[in-house]
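Shared between the two complexes below is subunit A, which has subunit B as its partner in the first and subunit C in the second.
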Partner chain A sequence: MSKALRPSDGAVWTDGIAAVHQHVAHGMITVRADLNTAPIKAAITSATGVAIPAKLSIETGADAALCWMSPDELLVLCDADQAGAVTKQLQEALAQHHALVANMSDARVIFSVSGAQARDVVSKLVPVDLSPDTFKPGMLRRTRLAQVAAGLWMPDDDTICVLCFRSVSEYAHTILKQAAQAGSSVFRR
Partner chain B sequence: MSARLPKGGRFIDRSKQVKFIFNSRALKGVEGDTVASALLANGQTLMGRSFKYHRPRGVVASGAEEPNALMNHGLDGRFEPNQRATTTELYDNLRVETQNHWPSLNFDIGALNTKLSRFLPAGFYYKMFIHPRPLWKHVYEPIIRHSAGLGAAPKDRDDDSYEHFYTFTDVLVIGGGIAGLQAAKTAADSGAKVLLMEQTAHWGGRAPIDEDLAGGTIDGGSVQSFVDQMVADLAAMDNVTMRLRCMGAGIYDHGYVLGYERLTDHAPKTDGPRHRLWRVRAGQVITATGAIERPLSFAGNDIPGVMLASAVRDYVENYGVSPGDRTVVVTNNDSAYLTAFAMKRAGLDVPCIIDARADGGGALAVQACDMGIRVERGKAIASVKGTRHVTGVGLCAQAGSGAVLEEIPCDVVAMSGGWSPVVHLWSHCGGKLTWDDSEAFFRPDPNRPPLGADGQGFVSVAGAANGAMGLGAALEDGGNAGASVRKAGTTSVTRNVSSPEYAPIEPVWMMPHGAPYKLRSKAWLDFQNDVKVSDVQLAAQEGFESVEHAKRYTTLGMATDQGKLSNINGLAILSDALGQPIPQTGTTTFRPPYTPISLGAIAGEAHRERFQPLRQTPMHAWHDANGADWEPVGQWRRPYAYVRPGETVQQAVNREVVNTRDNLGLLDASTLGKIIVKGPDAGRFLDMMYTNMMSTLKPGKCRYGLMCSENGFLIDDGVVARIDDDTFLCHTTTGGADSIHAHMEEWLQTEWWDWKVYTTNVTEQFAQIAVVGPNARKVLEKLGGMDVSKEALGFMEWRDGTLAGIDCRAYRISFSGELSYEIAVPANQGQALWDALVTAGEEFGAMPYGTETLHILRAEKGFIMIGDETDGTVIPQDLGLHWAISKKKDDFLGKRAQERNYMVDDSRWKLVGLETLDGSTLPDGAYAVAEGDNANGQRNMQGRVTSTYYSANLKKGIAMGLVLNGPDRMGEVIDFPKTDGASIATRIVDPVFFDKDGEKQNV
Partner chain C sequence: MLILNCPYCGVDADETELAPGGEAHIKRFGPGSSDDDFEEYLFMRENPKGVHFERWRHANGCGKWFHAARCTVTLEVFGTYPAQTFEPPAELSAAISAKRPGWTWRTFS
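And then the complex of A and B:
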């Protein structure tokens, strides 16, 4: 049985001042637990191989990354085909604790905006200070992208990943391309 | 006559001609022109008609303060009314038309109003049209509406795009004149991050012109070379961002500032957005917004050719355009002498400088006399001659009442009543003003700045905007403002400034001082709204003592220029009429934006297909390709019905309704909310959230539940499934998914923070498909993978398994009264399962159905719908849902509220079924009338329709409604009047119209 992909998965748009890329499926797992408790932190790290991120941060490991979503919520990123297994590992590791683990791989979509003007493009939609002094790789923000909820982080200096819900992915895709439309550079490059 | 001068013009490039169209006439300007300068260069001084009296009007100013030269600009999708000719930069094939005249600019019928002006004083409309009352709505108002307004409203959708830009800076400097440049430089030198905005296309403000004429220098060089050097220095700094054509539009709380950048107004064919709205968070704001020259109030000061003195020299110096050949300067201060110098330098005639001050001016006045210009001290203009253009002025004594001593022929009157600092931005967020008696203006009071969250001022003012007039003062003030926001460091640089001293201004609010009514009624204060000195005096006489009241009564300062020229003159006249000093009268409130900004800029990206996010389910594209007639449900789009070729929407609904009961229906139920609630206290928590008992539910089972607000009213409903001892999955309504999740989190975080419960909203993770109808089990058995028999999966149970090879959770629940399953699969598999069901279902008569069929099927069964049967005032008891309200529980949200006397009152309207005697369908929302009238003389009511449909299964209209004592009145007939006057006789019946015993769903 072939897996039904979302219509724009993998699409890369390069007609503007930054490239907009809709990622193919990722594994995404929501973990709700008290992130200040040592045994819980250890359990999550043992299941994912990644240290617990500091507030407003993303920790990246070899096979997974942990996004800080709130004082008691993480989003685990991993390969799509590992999502089921990692969910199970987390559930088992946290079985003795008060925690909620849910495979949410299909609930959200990730875009990346890349190029030298990526920060400027995303700054048209997001009320966050994205200047290089303030927002750097390793940081994470939950905010809004125009009219929808979004999360942001930078895998490298020229790329911003934008996380949003699946149902609004077409909207997010459209406004990201609009923000990157030709001729819309904020600063002369 | 106005014309292009043979040479000069700082901003223009004479080698580049630009064609444009003015009132269907093809004209030529040059690159760098504004519409106003290009029109003057073509001898066109008449640029519009006034709002009320339709008087001929010419351009008065050269910048953002222009009240008269407003034009309809562009065509079709780029049409915009009320564009100021003075700030509209010329481009090839630009098209402008004058406004507010009929049939033509030169001959305007409305100008008859000026003959009637004696009968159209301030408050005329209020007085005239108040009686008789009905005439206002039906006669006066439509006529006034037709004649009011300036430009035409755009009819086409805007062709351009717009965007926002969020930015954060230590220091924002608004205004790129010398004070702003110096402030930015001083601040930036300390390493602070600085953003500098200038509303025009040029740096330097007006100092380069004025000091060039006055002979002022900075460090021995020209002001222009200073400006060039500052701009180059700032541009080379990494911590400085500089924007031209970017206006500081408004200052708000917490250092939030809007900047309005006009990107392609001057080059409309270029790629990219037209306007960009800068949404700035600034640590400190410095407004260096300069000052605006004030007109003088003399009779005929609105006749084309009467202009601000500064504007006259701007056209000469900046655009190489002379507004006329013979310019009379009239002033109460020294700055206007510069205009005389500019005209002389351009080889034009200055017949006279009329200085209202008895002692005349300072160094510049001496210079004027040395140049041989006639200077008349203590004199005034009695009135301006001419109708469509100035032909001369009558000279009189300022101290007198206007007896004409001499007529001086001229075609331009350059007036200066002094300068008003641009305090708008300072005032937007609460900065207070102080009256400066020696300079005769309001300036910012540094002791009462706009306060930030820390109680400290976050706005400071620099240069002329701060009342620091003159080159040296402005520059020093700019440096001080910059130093005050420095991160660390040294004091500001001292510069060696040389510029002539000005003699003191003498306030002149009425010219001549003793002007009689005849002159006062021709002396304009507000050019755009046609408010005269006599109008403000009348307002005062009629008791409008507050400046805010007088403003509204006379409309002074209420036009699109927000009184930039008229406010101070108007309140000086009001103060005089009230016999009180100006500061006691005070100013009206300055509100953002500084000048009007486009609605497109405010909307930003939210335009066309980006207007609103539309949420799409995983099967959205399939629905779209298969005839979905879309219905908005929250931000989702759901198929209302799937319309086949040749069908109406109603026919499609009827087909779907019958087919689902007879064969098999498929519904995309993915939008329904799904919230996981997990933890040792999850059962206890849900017992509080729902009216019924959830903690006793066994794993593998489902239960329908009701949720109420703490006020007892129904807010949501849905099926709860117990997954394991610690875990529940709560279904909510489509619209409730986010709000109910937030509602749960609020109670958990604020009231029951010590309960061990986690929630997460998994709505988007799953596609959910309802498989409904007598053939539902057959199609699932055909897909195969799990046992869906009655024994393995009973009514109100769920099981995990696979169907068609896809991992799923199957719920045996029914909102239709049919044999029904809801299958949840990961969202990315939703389309695959849907396709499998459509294909496998073909032999069983499968058809997709939309939300209308969903509604009809549930109404046939008497099931309530949140939002139809509930409206925020309905409690479960009203709907006969007592069975779902636990009597065993100590508490749940809404329990106490439902015990209030009003909630247990027997006279609350209660849910019943409604069946029309003639089988017709009741109108939605119809009310049932009772005998007699209420205290307000309105007909008494005894009930209303909450849901009403045509049921193709029952072949008649069915409805539910809330009726007084309804359940006790079964069989009674009540009347529902329609809007056409007829009534529908309707019988009160049981709300369950179909399969009352539930035999169809329990198979």
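And then the complex of A and C:
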């Protein structure tokens, strides 16, 4: 398969109050199945090595992470070059169940916004309380980023990952950089 | 600004995360139905001053459709409940009765 790469993939922007980094391709696999069924949960965990995340959270393992997208949808994150193999493992593990597995790696992109003001920057764009007491590493929240759908989680206390569709990645990149522009701190520093 | 709790993911979703789906609990009448039933299904809607039932979708979120009961006068939200039902849960109807004694909406009360 040819490598899908956009000019901004891998770009790191550091001219503002938080750094904005567009990740190079991830493997992203959509799994639709009833996540309350024990055999289905066991099959997904055996194929990915990661426990099923609780509602509104992300579970990270050695080789993959599972994002809770809805009561019947997970997004599996893995290395881009593993996406085909992991998709096949999941399809085999779930073959006997009512489930759908699709390699959606090209559908979405991930940005990370990092720095001490990362929460303030993303807060300008989403109707979500991102204060440290409410939004913590390990949580996953699908929401609206300005005018587009997005998913948010925090790999650590100073970084917010933003997941959105590739078709709107240029827009998302632009507004993230705008929200992080120099001199735009929310609180006096 | 309306804030509705999504019964599927539990998020208190701001109106801008939601897509409106119009009136709730409308029974579909399709091919073979009478003209009156088809007209009722297509065009006839409640327009209450007070208790109202609506469908909403957590579009910029978990993506699920759900139902909401609210007051069109005060914008008070009485509650939300899953889409797989033909009527509001009994507890919700009781809670509405406590706040709006004597309320009616289509066949509900």
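Throughout what follows, the second predicted complex is superposed on the first by the 186 of 189 C-alpha atoms of A that agree within 3 Å, B and C clash if a C-alpha of one lies under 4 Å from a C-alpha of the other, contacts with A are read in each partner's own complex, and residues count from 1 in each chain.
By our rule, a contact is a pair of C-beta atoms (placed from the backbone, for glycine too) under 8 Å apart; a residue touches a chain by one contact, two chains touch by 3 or more.
Since the structure is predicted, the reported quantities are computational estimates derived from the model, not experimental observations.
Which partner reaches more residues of subunit A, subunit B or subunit C?
The larger set of subunit A residues in touch belongs to B.
Return first, second, both or neither, reflecting whether A:H97 touches subunit B, subunit C, both chains, or no partner chain.
In the superposition, A:H97 touches no partner, neither subunit B nor subunit C.
Applying the document's definition of touch, where does A:F165 land relative to subunit B and subunit C: first, second, both, or neither?
Touch status of A:F165: first partner only.
Per the contact definition in the header, classify A:K55: touching subunit B only (first), subunit C only (second), both, or neither.
The second partner, subunit C, only.
Thinking of the overlay built on chain A, is A:S70 touched by subunit B (first), by subunit C (second), by both, or by neither?
second
Who does A:P127 touch here: subunit B (first), subunit C (second), both, or neither?
both
With both complexes superposed on chain A, which partner does A:Q181 reach: first (subunit B), second (subunit C), both or neither?
It touches subunit B, and subunit C stays clear.
Which partner does A:R144 contact after superposing on A: first (subunit B), second (subunit C), both, neither?
After superposition on chain A, A:R144 lies in contact with subunit C alone.
Would you sort A:K136 into first (subunit B), second (subunit C), both or neither based on which partner it touches?
So A:K136 meets neither subunit B nor subunit C here.
Same subunit A residues contacting subunit B and subunit C, which ones?
Shared contact residues on subunit A: 127.
Please output the residues of subunit A touching subunit C within their complex, sorted ascending.
55-56, 69-71, 73, 127, 141-144, 149-150
So in the complex, which bits of subunit C are touching subunit A?
Checking each residue of subunit C against subunit A gives 8-11, 14, 16-17, 59-64.
What does subunit B use to touch subunit A in their complex?
Interface residues on subunit B, with respect to subunit A: 161, 163-168, 241, 270-273, 276, 279, 281, 604-606, 609-610, 612-618, 621, 635-636, 676, 678-680, 756, 758-760, 762-766, 804-806, 826-832.
Residues of subunit A touching subunit B in their complex?
So the residues of subunit A touching subunit B come out as 1-7, 25, 30, 32-33, 72, 98-100, 102-108, 120, 123-131, 134, 146-148, 165-172, 174-175, 178-179, 181-187.
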